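Pasting in a structure now, in structure tokens, and then I'll have a few things to ask.
Every chain is named by a letter (A, B, C, D and E) in the order it is written, and numbering of its residues begins at 1.
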Amino acid sequence: MKGKSIKVDYLARVEGEGGLQVKIRGDEVKEAKLNIFEPPRFFEAFLRGRKFTEAPDITARICGICPIAYMMSSCHAMEMACGVKVEGPLRDLRRLIYCGEWIESHGLHIYMLHAPDFLGYEDAIGMAKDYPDVVKRGLKLKKIGNDLMILMGGREIHPINIRVGGFYKVPNKKELQKMVEPLKWARDASLETVKWVSTFDFPDFERDYEFVSVSHESEYPIDEGGIASNKGIDIGVEQFLDYFEEHHVKHSTSLQASVKGRGSYMTGPMARYSLNFNKLSKISKEAAKEAGLSKTCNNPFKSIIVRAVETLYACDEALRIIASCEMPDQPYIEIEPQEGVGHGATEAPRGTLYHRYQIDKNGIIKDARIIPPTSQNQSSVEEDLTEFVSKNLNLSHDELTWKCEQAVRNYDPCISCSCHFLKLTIDRE
Amino acid sequence: MESLAKVLKEHPFLEGLEQRHIDFITGCGSNVVFKKDEFLFREGDEANHFYFIRHGKIIIETYIPQKGPIAIQTRETGDVTGWSWLIPPYRWHFDARAVELTRAIALDGKCLRGKMDEDHELGYELMRRFARLMAQRLEATRMQLFDVYGGNTKE
Amino acid sequence: MAEIQKNKKAIGFKDDPMMPRQFMIQRFRRDTVDTFSMELKPVSGPKKFDFKPGQFNMIYVFGVGEVPISISGDPTRPEKLVHTTRAVGNVTKAMDSLKSGRTLGVRGPLGTSWPVEEAEGNDVVLVAGGIGMAPLRPVMYYLLAHRENYGKIVLLYGARTPSDILYQKELEKWRSRLDLEVHITVDRGTGSWRGNVGVVTNLIGRAPFDHLNCTAMVCGPEIMMRFSALGLQKRGVEPADIYVSMERNMKCGIGLCGHCQMGPLFVCKDGPVFRYSDIKEIFTRREY
Amino acid sequence: MARERKPKLAVWKFASCDGCQLSLLDCEDELLAVADKITIANFPEASRAVIKGPYDVSLVEGSITTPHDAERIHKVRRASKVLVTIGACATAGGIQALRNFSDVKDFVAIVYPSPEYIVTLNKSTPISDHVFVDYELRGCPINKYQLLEVVSAFLIGRKPIIPPYSVCMECKRKGNICVMVAHGTPCLGPVTQAGCGALCPSYNRGCYGCFGPKETPNTNSLAEWCKKLNVSRDDLTRFFRNFNAYADSFRKESEAHER
Amino acid sequence: MILVLESGNLQSLFDTLISEKYQIIGPTLDNSALIYDEITNVDDLPVGYTDEQDGGRYRLVKSGGKKYFDYVVGQHTWKRYLYPPEKKLFELKRKGDGFEIVENKQEIHKRAFIGVRACEIEAIRIQDEILLEGPYKDADYERCRQNIFIVAVNCVRPGGTCFCVSMGTGPRATKGFDLAITEIVDNSGHYFLIESGTKAGEKIMKEIKGKEADQNAIETADRLMKEAENKMGRRLDTDDIKELLYRNFESSRWEVVAQRCLNCGNCTLVCPTCFCINIEDISGLEVNSAKRVRKWDSCFTLDHSYIYGGSVRTSAKARYRQWLTHKLASWIDQFGMSGCVGCGRCITWCPVGIDITEEVQAIRESEGKGKIMADKEE
């Protein structure tokens, strides 16, 4: 066999615009590239000169899929810069709305973007013809996540109720209670989801990843904590840039993050799960075990099971918060700006999202740095592709192409988080 | 020619004109008849006459390639038509065609022009009348431009 | 001012004036390239649809919306409800795509009417422009049904082109009658057109009627009505003897929604037919 | 096929955050019904399958920011019978149009270590600057009910009910107490197009204009009043300069207060 | 009969109304603002709150006093309950070649409105005239309007933008109520003077724990209202108002106010008499169902005057002129009464503080000046 190449000009069922190119020469994979042609949008540049209070609303617009993550990371960073910590009920409510985003985003990815790959459908709508109840369950699950975001945030995409210091308005206990029954349903549905996705056929494929995620002493990481990895990193969020760097790599023109002096790493559900299994709720742990997962997961195709487990956890966690949460006296803490630098890292459904801001004494942003999860995972995606293709050269071209796409979708890449991505010249050889 | 003088004298267009002027104008006039579809004048031809339509109906039209003749206005019994003889370069800008048997009095424009240059009083009187006529025509044309029947409206 | 209809009887379904009654399309006829007439029959309830010339109905197309359309049929034959419509917007275009046997919602009859009774003994001049012929056709029917009660009847009708002329066969019939004066003019004479060319106001000057003893009814776009009213006044017709039919944004048709206000008038219930002398002052006001 | 042909829908993305097209997937209760009435022919975010054009309706998300996209939009237009732009990026250039107020070269240098790789236009522009747009759906993001309204209206052939009047109309109907009058909170509601359901005021916050300027907006009068509420000139500039910064009236008002 | 009810016994009025199956709608606080909402208890009333009002400005102030009705009117109007902002009128379903109408059968509560001010009673009367007394009735309004029990509260403290005296509508409720209350705090304590205006009112009065009022209390109430009259925040000279506005159709003042007017529609939506609505015919994704919805509309929108091809009133000037001239002038021609009750809401809730009384005065003065100039030239 002479050279062949796998080329997907336009990756479907991912958020944003990307392509994929794998060049094969003989039995060797010469090159595997995840091409990002999402146009640059310059968020870090135009954030300069804006007020610190505007960062959550502006950065939310980086990504319509995980706006809460952007809003939260920027809130944390700004609060750190101003020397304030939001705790107590307000923090609980923040975690609650974040759970909504997890349920929605994971629901979307599991049912609409990823599961069709395993069952051989082009999309969820085609899948719905044969599995109507399953798709409806997925939609309803996703909707409950959205409803939680709507209640807490005003709307599901680019919520308007999140601000530096807390919320503009906090729903009352009665309104929160209304979410209990739907969330209980969602918890059951998530459990069903775990069972369902665990029956899929998974390629036998594992890699030794460096898993990186936010790390909290007692909680499963969502909205707060330091940064940890399974290869020895355990740092405060303010040290992020000491350990991680973004750089150009020769074969790609997009910025990719790596662990300084080490190389690629993985963030996202598999990383969180493998680093924090013990912090999952009981029901989630049991479900994971029943689904055949061990305490770590190294098969990226199985990320769909991990996502389902996390969805279950998010429902469970949301219910826990609603049951235990006291309502805050004030919807937000009044924050006076001060000159300084702040860092924030939270767990977007697809991985760690890091923000760093420098503000002046009037709260005007002087410098901004945002490292989204997809940028961090990009090297890992390409390494997965290289290794996966090498091992599966026997597959037909079409089958291999589809599997490669699937390998990218394993990461739930959110390419719209494009502030770091460049247009790539596609090698048309 | 007596009938010619009578028709002209009673025509509203010339109402109030002094007898000597009417006499002069009568001298420039002649009775003409146009059969159906006969042209009174053609676009581009030298404009030598204007017409008092005694009976019948004519159409002022122009010809548009691919569309055929487009009628712009009709003139009928009692109307006056044609002023191109008054304004250089004394050429007709449109076609005029009888759509039915039409009888008219044709006045020799060249003859009148000369007289009007000579006799400014007559010139003024006639110009005044033509100005009024033009104003009427202009108003009617504007109305047509408005497309008053609302052809281009949308819900 | 034309009489205000103190008409509290049901104009909608189940006595609710906002609920349309269902009518079935019995006949659909294309009048011109963008105009069509429909004959409607009530699906249930009274078979007759009594109305006065000049009144309108709110016509509802399922799911698409509702528009005011004047009634263009014969008021002396109320068993047939006829509307002539120009397809210009979504609702009227949707009407255009309907076929016989489909149903429409109807609320009406609504609004004031042309003063056909007050005009008895007078010459009657109708000046129609474009689709404005449709609301005046019921007047013609009425006048012809009571021909002996009127003096001269003159219809002056202007359309853009010969192919835009509505009711051509009927007009031919009327034209051939000795007791009617029918004059038609077009803005652009195309094809084999032998008739008048020029705007309808041109016809007013020479139309044979007694200006001291006449009632004029003018219907067409606002600007055409304005110039027609001027033309009629030049002929010596008193403003009080001129009637026009106005158009404004009508949503409810019954004077409750507020949209069709023109100064103190609700066009839907104080109009659409107004005595020109009553609205002369506000007619030419901008953005009124 | 014996059945009536289902209209074909395509979804296109330009520079954007994906949120507006996600709105379609967020119609959880209606998605399958939509798919029943319409063939989703080209929607990469949701499906690998691509059915060739022409398309009866194209939903276009995002703004034009690269030379490549400036050409691609013409192809989209040619392939679409009806083209509906969705969201502030597509209708006004979006948040990325903030670059339009600076030199884009500076921006590239701030964000990217190797500026020479960046191919970008100086300005982020709305779709309507490039091709004819049949219908605009505003918002950052759009309101999914408005999207469904457009689809429903398209299916039956009526005009969608998307009022161009102010947010105040929705706010007052909802019964919200005016945040500007009762709390002195600056609010763009009076000059912003309705459609969001007056969200921000419902959460005690001033409207930040994500649906862009309403019909005949009087931004100047609002700005003058905001000055009385002690809004500084810098804040006024920022007030009008966010997700619809490049929409004409907002742009002019923000520039009027810029120093 | 006039009763005196000790403030501590106000709950007995609530209880009586509830036992008569009334749903009580009254002033209450939500999110630190005054609204009209369902209440059941006197504690739901904004006790100890008062308000400051001016053009474009409203502040609810905690006075710490013990009065229940120390505020004046807020942003909400009773129109919200009688002629709701958004109402589905009916649904339609396709059936064969036709359709059928599914009526919107809604249980409508017997409702008691507590704390209706004199100007608001007049506003309800105006809407009654429009929606019930014309050639056609609004069937839905009629249903909502039935079985409304009105408990008026006389104003003893006018608000900063009130001008009911000018419009002849207040501060005392003289008709159109079932019960009218005057709240008094004086040397003899905190009590309510209650009079009935209808049989229904009398019936309720018999059930509450009041005692017959003495002359002193009646005189105190009279005095308080006289004082209120003299403390009106605004004044509108209604002399010759209709002709004044008709005459000044082309006044340059309209341009001046259009510079400020946001044409946002707020004034019309807070006005208790504005009745403009839109009718929206909507179809669903399932093209077999449709509905008709009635929504509050405003003459400040372009769509309001839309006819084929465009709007009649495109300029902000024309839209403001339409509103003000309609309210104060053409309304009189239409319904035989003014469309303004002097509640001041359009002034307070205008986001930029445009003041109807000021605009009328400006037009009046500009006219005066015009005349003076002309006189001098003569």
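By definition in this document, contacts are C-beta pairs under 8 Å (C-beta built on N, C-alpha and C of every residue); 3 or more make two chains touch, one makes a residue touch a chain.
None of the values given here were measured: they were computed from a predicted structure.
Think of each touching pair as a link: the shortest run of links from subunit A to subunit C has 2 of them.
With contact taken as defined at the outset, subunit D and subunit E are each touched by C. The greatest centre-to-centre distance from subunit B, using averaged C-alpha positions, is reached by A. Interface comparison, B-C against C-D: more C-beta pairs in contact at B-C. Averaging Cα coordinates per chain and for the whole protein, the chain whose average falls nearest the overall one is D.
Computed centre separation for the pair subunit B/subunit E is 67 angstrom, with centres defined by C-alpha atoms. Taking each chain's centre as the mean of its C-alpha atoms, subunit B lies 60 Å from subunit D.
The distance from the centre of subunit A to the centre of subunit E, each centre being the mean of the chain's C-alpha atoms, comes to 52 Å. Separating the centre of subunit C from that of subunit E, both taken as means of CA atoms, is a distance of 40 Å. Taken residue by residue, subunit D touches two or more other chains at 156, 158-159, 204, whereas all remaining positions touch fewer.
Each of the following residues of subunit B touches two or more other chains: 150, 153-155. Taken residue by residue, subunit A touches two or more other chains at 169, whereas all remaining positions touch fewer.
Per the touch definition, subunit D reaches subunit C in the complex via residues 156-159. Those residues of subunit E that touch subunit C in the complex are listed here as 89-90, 92, 94, 97-99, 101, 103, 130-131, 134-140, 249, 275-279, 281-283, 287, 289-290, 292, 294, 297, 299, 303-308, 312-315, 317-318, 321-322, 326, 329-330, 333-334. Across the interface of their complex, subunit E is touched by residues 30, 33-34, 37, 148-149, 151-153, 155-156, 158, 161, 163-166, 168-169, 172-175, 177-178, 180-182, 184, 187, 189-191, 204, 214-218, 220-222, 224-225 of subunit D. Those residues of subunit A that touch subunit D in the complex are listed here as 10-17, 38-46, 48, 50-51, 54, 57-58, 61-65, 67, 108, 112-113, 116, 122-126, 128, 132, 135-136, 139-140, 142-143, 146, 154-158, 160-161, 167-169, 247-248, 253, 255, 331, 402, 405, 414, 416, 419-420, 422-423. In the complex of the two chains, the subunit D residues touching subunit A come out as 13-23, 25-26, 28-29, 31-32, 35, 40, 43-49, 65-66, 68-69, 94-96, 98-99, 102, 104, 106-108, 110-114, 117-120, 140-141, 196, 199-200, 202-205, 208, 210, 235, 238, 242-243.
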